[in-house]
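Note that subunit A is present in both complexes that follow, paired respectively with subunit B and with subunit C.
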Partner chain A sequence: MEVLVLTLMAIVALLSTVATYLAITERDLLTAVIYSALQSTAYAIIFYLLMAPDIVLVYIPVAVGLYPAVFIVLIKKSERYEGG
Partner chain B sequence: MKYERALIAVAIVVFILVLSYAVTLGAMGSTLPPRDLRLLAKLYLWLAINPWTRNLTVMSPEAVTSIVWDFRGLDTFFETAVLYLAIIGTVAIYRGVYASSKSREVPISEDEVGMSPIAKSVTKITLPIVIAVAVAIALHGHLTPGGGFQGGSTAAVILLLVLVVFSLQYSIRMGITKGSTLALRSAGLLGIAVTSILVLILGLLVGCQSFIFQNQPKAYAPVGVPAFLDGMLVSGTLILFNIFECLAVAAGLTLTFILVLTHEEEIRSVMKGDRHE
Partner chain C sequence: MSSDFHLVAYLTGIVIISLFVNMGVSLYGMFARPSLIKKLIALTILSDTANVFAILVGYRRWPPGSIVKPPVLTELPPTPERVARFVSTAVDPLPQALVLTAIVIGLAVIIFLAVIIMQIYRTYGTTDVRLISKMRGERR
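Take a look at the complex of A and B:
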């Protein structure tokens, strides 16, 4: 059981790394926000597996709800595509 | 280009795998925390709820909340202060922009503004459910995982959804304005401040020693907030802190979103000096 949990944690952690890389290099900022939310979801799963339900409860609304919302509003007010 | 990006991603993944394997094998020294730290953790767990050591316990089965609002209460107080300084910064940048001034004049119905009826119906159904969950998280903060910040941010998500789906104009007509959220946030902060010195005031009135952020009676400070209310475990100040924090966080985050969602033309006209409140 413990090996299963650790394996799941490792897979989710590597997924979050890939999502972070994609979020940094993505030129379309709206897609980058979605990659960032994907990374946050992976972190929420890790926190849950590490038995920190308090952090999960604050992480889900902030990192999946409020934080992408702020960025989407700011992208709407500025530019969607990164220049260069 | 695609191939190159995939290669870099794989390289990062391999790097992190190797690094974490090295750390697991002991590359950073010992993998376990030092013994004195583990003693502290044991003490926290032992004292979180312990009716036999009444002058040391918090009387809350939730160890995290008892650390956050009792053992390390001042830390949380300053953490809250940092968050509210950020919100005060937002309010200061948008000073003079009162989001309801224009929309108050034109009477609008629900159908004219906002998103489609489907989105509105779904939001109407989920609004009471999410608010109920948020209040439950906050009120059960001293019994189960959760607390004021968790409940408040959950409530803020659905209030943000209301602001976006029903449009800012309609929400302001329904009473979610800058003034009302600012008042609720201030009430929550005032509640936190008063709760933190509640036992100090009690001690001054009775005439015995007491501390700030005191919850249960201590050895030389025999005053405290009752842990049980009508046979129900409320853990003294913890439930008060959670209620006020929930109120302050939900109102504060909603206030930020009201300001951020305000139309650019309105802000620009205020900044040019055409009008001000």
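Take a look at the complex of A and C:
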């Protein structure tokens, strides 16, 4: 059972690494925000598997809800594409 | 038992190394990418990774032979023996309390920096730091 939980945690950690790489190297900032939300979802699953459900209850509205909302408002008020 | 221990160490190593890779990639994003908004996204990823490390410090391996248990006291009323048995198997709650505070403070900091970037865009007309450093204070 412990090995199963740790296997799931390792898979989710590798998924978060892929999402982070895509979010950093993406030129379109709106797509980068979506990849960042995917990485935050992976971190929420890691928090849950590390037996911290109170962190999950705070982390999901903040990192999957409010951060992308703030970034989308910021991109709408400024520019969408990263030059160079 | 020994092969089980090696498997647990291997999987934990995968988790820790991928978190370090996340930290390195987000530091690259903060230092090398030109857009201020991309720097802000990299900052959120870096702070979240630091929070995951803080939670990982307080984690404890499961007691051998146990099935899944909720991290709360399940037997009532809480006598000293039951509390002692719970404390011997529960994870450390102190990093969780600190991370709970750090997430909320990080939200306030990110919104503050977002407003500053919005003002920079209104003043200079761009969020590219190379162009902003060439302008040297003149309005566009």
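Brief remarks follow.
Definition applied: the second predicted complex is superposed on the first by the 84 of 84 C-alpha atoms of A that agree within 3 Å, B and C clash if a C-alpha of one lies under 4 Å from a C-alpha of the other, contacts with A are read in each partner's own complex, and residues count from 1 in each chain.
Going forward, a residue touches a chain if its C-beta (ideal position, glycine included) is under 8 Å from a C-beta of that chain, and two chains touch if they have at least 3 such contacts.
Just so we're clear, the structure is a prediction, and the values are computed from it rather than from any experiment.
Within the superposed three-chain model, A:G65 lies in touch with subunit B and out of touch with subunit C [touch as defined at top]. Set side by side, subunit B and subunit C differ in how many residues of subunit A they touch, and the one touching more is C.
After overlaying the two complexes on the shared chain, residue contacts for A:K77 are found with subunit B and with subunit C alike. By the document's definition of touching, of the two partners only subunit C reaches A:S36; subunit B does not.
By the touch criterion stated above, A:F47 is placed in contact with subunit C alone, subunit B being left untouched.
Of the two partner chains, subunit B and subunit C are each touched by A:L14.
In the three-chain superposition model, subunit A touches both subunit B and subunit C at residues 10, 13-14, 17, 21, 53-54, 58, 62, 66, 70, 73-74, 77. Partner subunit C is touched in their complex by these residues of subunit A: 1-3, 6-7, 9-10, 13-14, 16-17, 20-21, 23-24, 29, 32-33, 36, 39-40, 43, 46-47, 50-55, 58-59, 62-63, 66-67, 70-71, 73-75, 77-79, 82-84.
Chain contact summary for the complex, subunit A toward subunit B: residues 10, 13-14, 17-18, 21-22, 25, 53-54, 56-58, 61-62, 65-66, 69-70, 73-74, 77.
Of all residues in subunit C, those touching subunit A in their complex are 4, 7-8, 11-12, 14-15, 18-19, 21-22, 25-26, 28-29, 33-35, 37-38, 40-42, 44-45, 48-49, 51-52, 55-56, 59, 61-62, 66-68, 71, 91, 96, 99-100, 103-104, 107, 110-111, 114, 117-118, 121, 126-128, 130.
The touching residues of subunit B, counted against subunit A in their complex, run 5, 8-9, 12-13, 16-17, 20, 64-65, 137, 145-147, 149-150, 153-154, 156-157, 160, 164, 253, 257, 260-261, 264.
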